[in-house]
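Look for chain A in each of the two complexes below; its partner is chain B in the first and chain C in the second.
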Partner chain A sequence: MIHRLDPRTKQAILMGISVVSVWGQTAFLASFSIMMILCFRSAGIRISDFVREIRYFLLFLLFIYGLRTITIDSNWIPFFSLESAGDAMVVCWRLLLIVMMGVLLVATTRTAHIRAAMIWYLGPVPVVNEKMAATMVGMIVRFLPLILFRGGEISDALRARCIEQRKNPVVRTVKFTIVLFRRIFLDADEFALAMQARCYNEQRTLPKLTFTRIDVIAVAMVFLLSFSILFDTCVSPIFLLFHFG
Partner chain B sequence: MQSTQQVRKMVYSSLMAALTAAGAYIAIPIGPVPIVLQNLFVLLAGLLLGGRWGLTSVGAYLLAGAMGLPVFSGGTGGIGKFVGPTGGYLLGFAAAAYLVGVLSEYGHGRVIVDVLAMIVGTLIIYVFGVSWLKVVTGMSFSKAISVGMLPFLIGDAVKIAVAIPIVKALRPMLNGTFGVVRAAG
Partner chain C sequence: MTIIETLNLCHEFADGTQGLKGVSLSFKEGEFTVIAGANGSGKTTFLRHLNGLLSPSSGSVTVCGKSVDKDPMAARQQVGMVFQDADSQIVGETVYDDAAFGPENLRLAQDEIDDRVEWALAAVDLTGYENKRPHYLSGGEKRRLAIAGVLAMKPRVLLMDEPFSNLDYPATRLVIDQIVALNNNRHTIIVTTHDLEKVIAHAKRLVVMEKGRVVDDGKPDDVVKGIQRFSIRPPCSVQLGKGILPWVS
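Right after this comes the complex of A and B.
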């Protein structure tokens, strides 16, 4: 079913859920997770393959979790709070789900269709060159995992060269960042050459997109799922009432 | 077919936008206010790509966020972020990248001009950010400055200090010597 959805519907769902998830807490994220697992099964993507594919991103999430949980106060003393641990978990969970949705979109939709859908959305926006903008947003999505992958590689390489011996955090940051930038700009340069070699041009024939009944069903299901956010907004005050009342 | 230079600049702009997104996830909790690397990459986009492409890069980043991709700070996205309290900073990024790029182009790679350009760019971000924060929250101007600007200034100074060696190392490579580096490596 997911393969047959119109890419415009998939993007609208991605946009809608991203906006709604900002207010979503545990109940919404749990129901959203169940839906994502079902979608992965339906699309024929194994969770183990997905985890292997995003292993560096998972490490990155762990890093974010650590940064958000352990805080250094104005006296430079690190401390751990349960509240910030809960908030950090929600942020990481939300990020993981959005990435899952992005992977699902990429795995079940041709790149040309994603670009065509974005051009359709950006067409009415004045000033913006919708064809170039759509290509660039597509490239951002492709570059994000590459940056994280290269970041993981460079961290390992710097550790192998005893970077921990350098105590100055600015020196460590500069050493990491310069190598990271050099590597990813080399990757980008090769990518640009490959685009040139394939005679890249903005004026390409776009694939034809059509809405069907399945799109209506999918939008209705997501709309229903969004109602689980009400549990978060209702349950929290009730919990507080019992807890402190 | 589009010119080689234009395709390269477009790819680099997208890469800088992706880096800005990656920087938005990382909040280093030093002192009472965490340092977010997002605006370091915005300043770098202006310095490395110039005014026009720096603006294009930040524009693509904002567009990706407006379309719902989780590229804004805290892994959020959506058009709603632009009308929230931090929406002014997002718009300020675009103006800052353009201004930093234009100023550094005039400076022809001189460090002092780059530093001044980054200071001006940072101030522009705060002009947009604090003004919008004041409008949305209804705070007084002095309170908006004390909440939305003063706590971040030390972090901004650190970011400018970090940006200088990065720009010095990368600028020669972006001026067309990549092929040689790859062939030698």
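Right after this comes the complex of A and C.
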């Protein structure tokens, strides 16, 4: 079902839930998490693969968790509080779910369709050249593996010439970065020429996008899910107030 | 019928180096030409002029009678170029997307794009690879995808810049087979190389460049005899006195 959703619907859901989740607490995040796990299953993405792919982001989340958990008192002494640990967990949970949605979008949608949806959304926005912006997104997706590959090659070449013997990390970084940047700029030049050679222009044929009944069902489901925020913010405090004083 | 013509074509790089010095050549429709030359002889610069990627410092380039400098887009529709480094030519996120990039730029209808992509991928033996990421293809497959990306635009002329560099034996054979098949289908082919061995037996014409000038031009059998003086290694069969023989049987 997720594969058949219109990319515009997927992007709208991603944007909508990202905004709404700011107010969401545990009930919303729990129900949203269950939905994401079901979606991952339906899209054929294994959680173990997902964790492996975002391992560096998980480290980043851990860093954020640490930053938000440890607070500094008036005497500039850092201390750990259980209350901020709970808040930090909710923040990290939200970020993780947004990343999960992003991964789901990328895994179930062709980049050309994501680009076309982006053009549709940015079309009415004044000043922004939606076609240029969409091309840039496509180029980033294409160019990123090439940059990583070049980085790996340059790093291997430097190690083959005993760069590790240089103790100064700044020197090592400079040696790596200058070569990498020079190579990337040359690649970018060649890339632009290759696009020109194939008649690149902004007026291109875009994939046809169509809304279907599945999109309506998906939006309705997400809308219902968003109601669990009400449970978090209104219903549950009132319930607690009446029953437990 | 002459399809491409250059008249006294000169190119000066930003640092003042003369890349091309008065190159005058014409190419007939359906002709298979090999342009040979040592590194820095101006082969790639020359090809880029034919595709309108560079503008002449002086002189002119015409494709189908139209000036390339005045209408590079029209020239690019007629003249497709396969770059030396296939990695930097592949712009799509999947094999399908890359082959479709050119036709999409030509604003063709989606059905026509699908047909062309299917045909182009079949022509280079990449059917079934549509959803693969180009980054994970082998060197030979990337080169064939680069050819498919150009073929999908249905150009009349195919320019190939060092098409055999970094390819192993089976991949080279496949690329040679495809070049020959395209030429048999009346495509005009212009291949640049410093390694004549692989392709010269199939060419009808051999042009030799040195330091930005055309220094020899004619039938391969005639030109290849004295080619060593231009720092180009003659094919083994020529060195053994057997004339030009195909690299693959």
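Some notes on this structure:
Following the convention adopted for this analysis, the second predicted complex is superposed on the first by the 164 of 245 C-alpha atoms of A that agree within 3 Å, B and C clash if a C-alpha of one lies under 4 Å from a C-alpha of the other, contacts with A are read in each partner's own complex, and residues count from 1 in each chain.
The rule we apply is simple: a contact is a pair of C-beta atoms (placed from the backbone, for glycine too) under 8 Å apart; a residue touches a chain by one contact, two chains touch by 3 or more.
Model, not experiment: these values are computed from the prediction.
Contact with both chain B and chain C is seen for A:Gln196 once the two complexes are overlaid on the shared chain.
In the superposed model, A:Arg204 makes contact with chain C only, not with chain B. Once chain A of one complex is fitted onto chain A of the other, the partner contacts of A:Ala117 are absent, as it touches neither chain B nor chain C. Of the two partners, chain B and chain C, it is B that touches more residues of chain A.
In the superposed pair of complexes, A:Leu104 makes contact with neither chain B nor chain C.
Residue contacts after overlaying the shared chain place A:Val141 against chain B and chain C alike. Of the two partner chains, chain B is the only one that A:Val91 touches; chain C does not reach it. Counting contacts as defined above, chain A residues 139, 141, 146, 190-191, 195-196, 199-201 meet chain B in one complex and chain C in the other. Within the complex formed with chain A, the chain B residues making contact are 1-2, 4, 7-8, 10-15, 17-19, 21-22, 25-32, 34, 56, 59-61, 63-64, 67-71, 74-80, 158, 161-162, 165-166, 169-170, 173-174, 178-179, 181-182. Against chain B, in their complex, chain A makes its touches with residues 11, 14-19, 22, 60, 63-64, 67-68, 70-74, 76, 91-92, 94-95, 98-99, 102, 118, 121-122, 128, 132-133, 135-137, 139-141, 143-144, 146-148, 151, 170, 173-174, 177-178, 181-182, 184-186, 188-192, 195-196, 199-202.
Residue ranges on chain A touching chain C, taken from their complex, read 110-112, 138-139, 141-142, 145-146, 149, 187, 190-191, 193-201, 203-208.
For chain C in complex with chain A, the touching residues are 48, 51, 53, 73, 76-77, 80-81, 83, 85, 87-94, 97, 100-110, 113, 133, 135, 149-150, 153.
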